[in-house]
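Handing you this structure, nothing more for now.
When the chains are written out, they are named A, B, C and D in that same order, and each has its own residue count from 1.
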Amino acid sequence: MKYQETALIKEQREIAPGIYSLWLQTEHIAEEARPGQFVSVYCHDESRLLPRPISICEIDRENKGLRLVYRAAGAGTQEFSGYGAGETLRLVGPLGNGFPLDKGYKKVFLIGGGIGVPPMVELSKQLPGEKIVVSGYRGGDLFLKEELSCHAQLVVATEDGSAGTKGNVLDAIKENGLTADAIFACGPGPMLRALKAYAEEQGMDCYLSLEERMACGIGACLACVCKSKDVDAHTNVRNKRICKDGPVFAADEIEL
Amino acid sequence: MKYQETALIKEQREIAPGIYSLWLQTEHIAEEARPGQFVSVYCHDESRLLPRPISICEIDRENKGLRLVYRAAGAGTQEFSGYGAGETLRLVGPLGNGFPLDKGYKKVFLIGGGIGVPPMVELSKQLPGEKIVVSGYRGGDLFLKEELSCHAQLVVATEDGSAGTKGNVLDAIKENGLTADAIFACGPGPMLRALKAYAEEQGMDCYLSLEERMACGIGACLACVCKSKDVDAHTNVRNKRICKDGPVFAADEIEL
Amino acid sequence: MEYKTSVNLAGVELKNPVMTASGTFGSAGEYGEFYDLGDLGAVVTKGVANVPWPGNPTPRIAETRSGMLNAIGLQNPGLDVFLQRDLPKLKKYDTKIIVNVCGKTTEDYCDAVERLSDADVDMLEINVSCPNVKEGGIAFGQKPEALEAITKEVKKYAKKPVIMKLSPNVTDITEMARAAEAGGADVLSLINTITGMKIDINRRTFAIANKTGGMSGPAVKPVAVRMVYQVANAVKLPIIGMGGITNGDDAMEFILAGATAVSVGTANFANPYAAKETADGILAYMKKYQVEDIKELIGAVR
Amino acid sequence: MEYKTSVNLAGVELKNPVMTASGTFGSAGEYGEFYDLGDLGAVVTKGVANVPWPGNPTPRIAETRSGMLNAIGLQNPGLDVFLQRDLPKLKKYDTKIIVNVCGKTTEDYCDAVERLSDADVDMLEINVSCPNVKEGGIAFGQKPEALEAITKEVKKYAKKPVIMKLSPNVTDITEMARAAEAGGADVLSLINTITGMKIDINRRTFAIANKTGGMSGPAVKPVAVRMVYQVANAVKLPIIGMGGITNGDDAMEFILAGATAVSVGTANFANPYAAKETADGILAYMKKYQVEDIKELIGAVR
């Protein structure tokens, strides 16, 4: 079930330069949300029509709380960052499929790159088994470090080497000699491509959360497709809708 | 001199249903403003581009304060009404000519109708001589009554008869047997037309503040013209620009 | 007072004038997760062709000030899948179903129209502004002769009323409307999207992969209202007006300008309840002004 | 690094690519109360005719979502008053002066152009999208033959470079651009306004007295960028791009699409410093990406 709600902002903080953490009080969305799903967030400014898809970072089911962590990337997210406790944001959600939680893996890598780190927080809480979070950051602002260390081992890579392994998430995995049965990842395209190749090479299962421009967010407009390996059941062509069939795909279903 | 400023809201109150009183702190505008001038107020929402012209109601020169009193008529003024102390509004002003203060009349009518009442406040303070303010309201919400009674005699007309004379401002003048040398007026078109006719009939001087849709507010776009009796010096046709040559015109210069 | 919101399009009675704009509402009742689609006058499907189309590369959309660009490229699963899988889902709702048809050649259109004529749908809307068609890439929808010809052909195969959907990318929309009327169209719908472009100045490339895209949303509304007004004064056919409608007040502009029905498109993306709220808003307008029958308002501004 | 922002339009060197759009900036330096107009590449005057025009009845404008409609009706004081009174005011600024010319007949245009050729102005911009012209009301700007013909005529009388200003209300802008080029135009400017309409649903009448008006502002930008791109790929003439530019980033879209210069119009109403800030913004973009000469960026997105 999907809901449109006007959610109350309980708290908003800048947790790293340009990165904001937002706790929202929802009516139904938090209760139904699963890790890896996202919400459409709407601007108040009437010149910006389209929803901004933002992944669910953390769920406080008891208090119907939803945490989003996002980068002020453009005008819309900049607008969001200006609102504080007591103000509201209109949301539609929960959207998308989320990560599969029932695969029974013994040990998994949860890999987040940049602004792909946030969804790993709730995933690390809910996914059963042993978890190693591998987070890739540009510099030393290791946002969500505490949250990620609670339910999993945390390994860090930074581009500038200011913390953890100097390099990317795969460098960190190699440097630390880590292994796992499967990969659950979210982050920039090049990282996902590298992980897909790595998983194939290692014969690991791999689940990737993809990004694309969205209009409807619910599977109606066909804006947000990715190429699929086979003809997709819904589209009847080699395209899958990221908003509805994803954002999480088994790496071997899709082309990157 | 005209200024563009981001003015700080010092106070905003709803003084009658849908009528808002706004005190703004300006840098230069308040110091240079004269009664009968107006400011262009801009929306924050980027889908609304054009300025909303709002008359200057009161000036607190010492504190660089400017008071605007406006009706939440449409989306733009509705937006303004949502802002409170500490927030800002972008203004351009002071604009227009204002009422002539140096004509030496002994006794004048200051006539405001509806949302044309506010500019009479500062005018009643600054205009020399004896002043009778005649205010026409729809119902019994006599906004700005106190302010208008300070520097002038106040006579009221209401459409529904809930206060003062039942009827319009001319009915109130007649009922109270009032006379004066000149009229200074602001209000809806039908009222201004009636006052122009009345002034002609009585041989009184008459100054009317007009309204029209505006784009530039500074005389550049020719959106806001009214018909003039003679060929206008600037336009070289029988049109005058309300934003620049007005909003106040001698009634006998213009056609209504 | 009882308020009559029903309108008639070429013999098809809609319970209210609000439809959905093709391509913005899916084909399988996606928005039915938010409200009962039976609250709408009609649902218009995403454009469907006789065979599946893969559409364009991504990015397929870009936001613009109070609007958006899209170049989906008419991705669709093909008529067979539409008929077998999607149509039954739509039939569950108590609303009229209008199938939007696209094609590359006259034969494509006629093939699809013929097969749809036996299906349980109420009307067919012919999208003649596809980017890649015969005639050296110039769309059927930009030349009056081509439009008249394809309308005539399609009408030969259609056993349902035919709506011809007009492109706004023309010098004179009335000429196009007259051509469609001459070809035998039963209803006209307008406007399709206005061709636009956005450049990503930081990446120094086009914001959408197809370079150009179709602009829609509130930004285009004044163009759409103007064209509906012009067409309403040029032909006798009923008009479905669209382009930037977000609520009942917007819809009333189109109806007063001469539209018998209206479609809500891009606004669905900004608010999943937009189409339903538009229907509610029209009724609220009628109540406010005590207008008993919506028909009194069609083309009332002259 | 030294950054070169100057551009050349038919032999006229502008210190930067930013001009003002005709009709939005007056003719007598009105915006000079806010900043030194010498900060701009050129000032383009309000359209001026050989004789005074009274313009249209009010309301002449209406706001639309992220845009506006205007039907000023080319009110102007006539050429004599312009030359005697307004031009000297503009000449005080260290900027180029471009006079926008309107007319009802070919003779009107030629008369004005001839008289302006002896005046101290830098270029002439010919507005061929006036609403009321010969040929049964169809503007010179909507038929390629008519556009080519008037361009030829005007060129006979013009001793200054001639900019032909194109209307976007056409099926194929490249056809119009080629016609103006064939007629001998030195520069093209585009876009003029897109015809639109707004209806006041409460008063049940047109929001502007003229019924239709020209749409401008950010809402039209994607259409303008698309047309500039198309024209830049169709003709060899330099292009002045406009339509919805509010800042340097918007201007860069047009320059990357192929415009040599840009005009800021409606944005002046939303921010009196808009044109100056646009010039500043272009320089900031060049600095950000270390582009030494703006000319490297003209048409760089292909």
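Everything below uses one rule, namely that a contact is a pair of C-beta atoms (placed from the backbone, for glycine too) under 8 Å apart; a residue touches a chain by one contact, two chains touch by 3 or more.
The UniProt protein names, listed by chain, are A, B = Dihydroorotate dehydrogenase B (NAD(+)), electron transfer subunit; C, D = Dihydroorotate dehydrogenase.
Here the structure is a predicted model, which is why all the values come from computation and not from measurement.
Peer 1: Measuring between Cα centroids, what's the chain most distant from subunit D (Dihydroorotate dehydrogenase)?
Peer 2: Most remote chain from subunit D (Dihydroorotate dehydrogenase), centroid-wise, comes out as A.
Peer 1: A-C or B-C: which has the larger count of contacting C-beta pairs?
Peer 2: Greater number of contacting C-beta pairs: A-C.
Peer 1: Could you give the separation in Å between the centres of subunit B and subunit D (Dihydroorotate dehydrogenase), each centre being the mean of its C-alpha atoms?
Peer 2: Centre-to-centre distance between subunit B and subunit D (Dihydroorotate dehydrogenase): 35 Å.
Peer 1: How many angstrom lie between the CA centroids of subunit A and subunit B, rounded to a whole number?
Peer 2: 55
Peer 1: Can you work out the whole-Å distance between the CA centroids of subunit B and subunit C (Dihydroorotate dehydrogenase)?
Peer 2: 47
Peer 1: Would you please write down the residue numbers of subunit B that are in contact with two or more other chains?
Peer 2: 46-48
Peer 1: Mark out which residues of subunit C (Dihydroorotate dehydrogenase) touch at least two other chains, giving numbers and ranges.
Peer 2: Subunit C (Dihydroorotate dehydrogenase), residues with two or more chain partners: 65-67, 218.
Peer 1: Treating touching as the only link between chains, describe the layout with one word: line, ring, star, complete or other.
Peer 2: Here the contact pattern is complete, since every chain touches every other one.
Peer 1: Under the touch definition given earlier, write down the residues of subunit B that touch subunit D (Dihydroorotate dehydrogenase) in their complex.
Peer 2: Checking each residue of subunit B against subunit D (Dihydroorotate dehydrogenase) gives 1-2, 4, 42, 46-51, 92, 212-226, 234-239.
Peer 1: Once bound in the complex, which stretches of subunit D (Dihydroorotate dehydrogenase) touch subunit C (Dihydroorotate dehydrogenase)?
Peer 2: Result: residues 64-67, 69, 142, 169-172, 194-199, 201, 204-206, 211-213, 215, 218-223, 225-226, 229, 244, 249, 252-253, 256-257, 285, 300-301 of subunit D (Dihydroorotate dehydrogenase) touch subunit C (Dihydroorotate dehydrogenase).
Peer 1: Subunit A touches which residues of subunit B in the complex?
Peer 2: Those in contact with subunit A are residues 44-48.
Peer 1: Under the definition above, what is the set of subunit A residues touching subunit D (Dihydroorotate dehydrogenase) in their complex?
Peer 2: 46-47
Peer 1: Spell out the residues on subunit C (Dihydroorotate dehydrogenase) that touch subunit B in their complex, using ranges where they run on.
Peer 2: Per the touch definition, subunit C (Dihydroorotate dehydrogenase) meets subunit B at residues 65-66, 218.
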